[in-house]
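Chain nomenclature is as follows: A, B and C, assigned in order of appearance, with residue numbering initiated at 1 for each chain independently.
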Amino acid sequence: MSGLVKFLRRPIASTLVAVLVGLLIAILLVLVTGYDPLQTVATLVHGVFGSPKYITNVIIKATPILLTGVAVSFAFRTGLFNIGAEGQYILGTIVATIVGVSVNLPAVLQIPLVVLSGALGGALLGALIGFLKARLGIHEVITSIMTNWIMLYLCNFVVSSEAFHNPNSNTAYPINPSGYTMILPQWKVSDEGIEYLLQHPWLRDVLLKTDLNVGFLVAVFVAIVVGILLKRTKLGYQLRAVGLNKDAARFSGIAVERSVVLCMLISGGICGLAGALNITGINPHTLSTLVAQEGYGFNGLSVAFIAGCSTVGCIPSSLFFSALMYGGMTVQQVVGVPSEIINIMIGIIVFFTAIPSMAPWIADAIERRRSRENKNLAQETKGEEA
Amino acid sequence: MGKAAITRRSLLAAAGLGGLSLIACGGSRGSGKAGSGGRKVAMVTNVGGINDQGFCQLSWDGLKRLRDEKGYDVSYIESKLDSDYATNIDKAIDYGAEYVWSIGFAMADAAAFEAKINPDVNVKFGIVDANTSGAASLTGVLFKAQEPSFVVGYIAGRTTKKDRVGFVGGIASDNIYAFEFGYMAGVDYAAKELGKRIEVERQYAESFNDNAKGKSIAQKMYSGGADIVFHAAGSVGIGVIEAAEESGNFAIGVDMDQSYLSPTSVLTSAVKRVDQALFDLTPKLLDGEIAGGTDIILGLADGDYLGIPEHHEHIDDKVYQDALAVIEKIKAKEIEPPATEEAYSAFTKSIGIV
Amino acid sequence: MEPDSSYAVQMHGITKRFGNYTALSQVDLNVRKQSVHAILGENGAGKTTLMNILYGLYQADEGTIYLNGTPHSITGPNEAISNGIGMVHQHFMLVENFTVTENIMLGDEVCGPAGTLDMRMARKQVLDLVEQYGFEVDPDARIEDISVGMQQRVEILKALFRGAQTLILDEPTAVLTPQEIDKLLQIMDDLVASGKTIIIITHKLKEILRSADECTIIRRGEYMGTVDVSQSSEEDLAAKMVGRNVNLKVEKTPATPGEVVLDVNGLVVRDDRGIEQVCGLDLKVRAGEIVGIAGIDGNGQEELVNAIVSMTKAEAGTVVVGEEIQNTSPRNAIAHGVSTIPSDRHRWGLVLPMMVSENSVLEQHDKSSFGKGIMLDYNKMHEYTSMLIKEFDIRPSGCEDERIAGLSGGNQQKVIIAREVTQAPKLLIAFQPTRGLDVGAIEFVHKTLISERDRGAAILLVSYELDEVMDVSDTIAVIYHGKIVGTFEQGTVGEEELGLYMAGGGAK
């Protein structure tokens, strides 16, 4: 078996093939709609790697979808389809904002309080969905979709409520600055901070022009911990067993219902954490009126599927996704390619990663062709001999 | 390869994708196009996006006119999230824009912040519908929205047959209050002329985008006896106009002449020509003809920025002529339409309504 | 052998590969016209693959198919049907709420000139067929209302309706009672007498001896030869199939029953649809004895077992193992020393995508011997599994960290048995423990059940294979419509009589 065929049989090959096909189709689309594909690609690359602050922004934007991606992967590995990541994310932002606005403690207390309460909000919502499934048998997809909308309107309700509405805006009050999780949040926007940073362009780019925050480190940590949880702990073992074969798990004495609730609790908690970190980590540090779902949860689904539902795999996958989204905006501005084309490209990639047998199928096709060629060759030589 | 791409491009342009293709050409810098080498102006939209049927779209129209008539090199960036505002303005600077417009009051903080941290870059900033908050390179452009609102309120008051009209606002804020109280004052002014009382029913949708909500609010108003509803609510207003058409009543549009949405049901519109403002102001701001760090407040008297459409097939000609007279009175400061609740109560007192 | 028109079907040098795996390698099959030809092989030997190639579901990588002496390439089932080949699958492909006639004409509808269905004509054609072969099938009955044996006849009729000359029957007796099996064999004889050819796929030696003229044996995808059945014995066939001599007799000493371990009293269980499946059932199993439950699938066996281990709610009655354990939890049943070899190992017994070692500790993973605190100790699991693999001869050796899905059915079953038996249960429930296993593996399972009995465990054997119940049990209890309708000591009752009880016809 040749190296290529061997490679195509590995799980990661399917992902890479899907990414490649997605990029190719997107380039084709760019061509067909009349733009210069070379310039598009060059601009995309420049929009991602062109400056330290672009890279920083890609990382910042990867943070929430890494977390929701981990949450979705985790749930998927334990047999649940958490399409409610969006709603849990929103509840995370809501709770974090309410707590962050209402409480004002020193940063060492405020930050964990705001972040954890956001995570707790998401966790409780997840647990509710899990409970409805475990006890009443209502499918999590249905309850999830409904809670997504309930959370959206809850968010809008909070934004427009007397207590939290920030006058003359479509936002709520920002949280108290002691809850900010950017690097040097107060100093960098103070007059002397700006003064200093203006003298150091590189630092200014990264610190002042972006909301560089600790979120990504937290998210990577969570991805690794959840990976270990799934693979190396008794709980993870139980959850996986339930996910892969609920009947056998129950038959062997694992409490399936508890497991479903727990799984959704954890998954929801991670989504809530994503929401809370976005509130503490990036401007405007508050809720704004939502017209439609912002897509952090749904993008998490894409991240998870590109990663093949590996929690650690979500790290590169979220960065890749974020780079496309962020770089795509530059492409739109500079080349004029509508951002929809970028979205179509992402859609195609996700679509193809959903066909895990694609790479093995290509491997089969190559092998078949080879064996046919060999056969023909053999027959030819035979014929010659005769 | 390159040749093939160009042919295809021109084909498509001919096939009616003109707008898109032109942007494409605008992007291919230095390719011998008339606009290349022109002054670079960029705009960053709010979350409404470039196709919002209103504010952002109008602004982009203004920039497109700059491109077509003056050879400017213009581009836009759409914001998907509130947290994108600052980074998008920053991106516009990175790509060499000399002037960056931020569209909408939601972007006020981001625009001020960017103005503050980019003192060394050769770029100036403008924001539509918000104050400058003090940064030297930032100019605010504001409209006296109460003035056209007063005029359409006057037309509504003169036209209503049921002595009951409505107002649908987007998200409660000072900007929208100007529409609301200007409109109410106009209605009252007409009622005073006619010697009767006209009720104004008011409600906020708490959204600028929720079509369905606008529709249901307007439906309630119409079934409650109102026959004309004015909206200052972005796409929420599309629902208001739908409700008017379905119930056979009138709606009053906002920002641009919205009669194209429903020729039978849009009575008139309180026009606020952001496109004209950006077209006129951008060159002056770029050349320093107007200094930065100030607010430019545009009223009826300041040019062709505010007003009502000329066509008035649903309005009695007498009423229309009177409305034009009202506009002249506002220009002459004989009438000062109120923009706040306090000013409104002062106004009603002044014309003798309690 | 040269192509010959006295053969209905000839398959020469058939090779089929799936990726790197060779399912069939140079297999020959020669089926004489108007004969019953059996294909014998262990599970996974390639019998069904061979038949799927004949039926056009797969294409062979190498080899030629001759029908009546002329070569044919069969690229799909439609082509197989038009060449007179019909197949009756192990799992019936019938529409439950259609009538017999509607099912038979499905896919080959009888239409009037305007293209509308002509039910009257269709019904007449079906009736003609029924009469021609003496099938005793009501053309107007709905599938859901008729017995399994009858459904099978509908499947056969369906093939005949489309003009099948050669019928492939895939494991046709797996779901039938002894009486229904007799009837099927009779039908097969009639079909052959009227000119048809029958290919029967099976791993049951007795039926081959009773029905087939010739038998082709396949072992691990390789052709082992074709034998004249009248010249063969069960032992010969078994040895050829497995590749070594097999002891078909179950050898055991008389039981020495002790105290009652399992005591079921007045148990009532409903299924998901609320229908009572176990209706006041009483049963006792003592330490040191094997009680076998004989009965046809669907008479409450599944609900009985599930209620004992608290997988299903008991509406009424008690299950006593030391104390009452009904309606607690599977975990509680395990804690009371109940171990279960489930009927469907893929559904109830194993987590297929997990490793062998992970499956080996499914019930015990939270014990301190497999990890500290919240962590799981994969080294200890590995060690423990190695021990099981060695002791129970699970193959391939060294498969601890492989996915259990990659093991053969027999070895998967060995993992379950090893896991359950190693816990030294007080009560071992073996539900269809040899389902889908080959003779070699069956021998192992039976030996293990008996050695567990001799250790002092109480064994409840529930099986749809009457031979198994009769051979292994010390006491045979017949279940019918959710009740035990007869209890016999081993050796005091014959197959015929048990068959009558199983069909509800026993003395009340």
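In this text, contacts are C-beta pairs under 8 Å (C-beta built on N, C-alpha and C of every residue); 3 or more make two chains touch, one makes a residue touch a chain.
Because the structure is a prediction, the values reported are computed rather than measured.
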Touching both subunit A and subunit B (chains): none
Among all chain pairs, the one with the most C-beta contacts: A-B
Centrality ranking, top chain (CA atoms only): A
Intercentroid distance (Cα basis), subunit B paired with subunit A, Å: 36
Distance between chain centroids, defined by C-alpha means - subunit B, subunit C (Å): 75
Cα-centroid distance, subunit A relative to subunit C, in whole angstrom: 46
Residues on subunit C engaged by subunit A in the complex (per definition of touch): 19-20, 309, 311, 329-331, 333-334, 340, 342, 347-354, 358, 362-363, 365-366, 371, 374-376, 378
Partner subunit C, residues of subunit A touching it in the complex: 1, 232-238, 240-241, 244-245, 247-255, 364
Footprint of subunit A on subunit B - complex, ascending: 5, 8-9, 12-13, 17, 20-21, 23-24, 26-28, 42, 47, 75-78, 80-83, 85-88, 90-92, 94-95, 105-106, 109-110, 113, 116-117, 119-120, 171-175, 206-210
Residue ranges of subunit A touching subunit B (in the complex, touch as defined): 31-37, 39, 50-51, 53, 57, 156, 159-160, 167-171, 189, 194, 197-198, 204, 208-211, 278, 282-284, 288-289, 291, 294, 329-330, 332-339
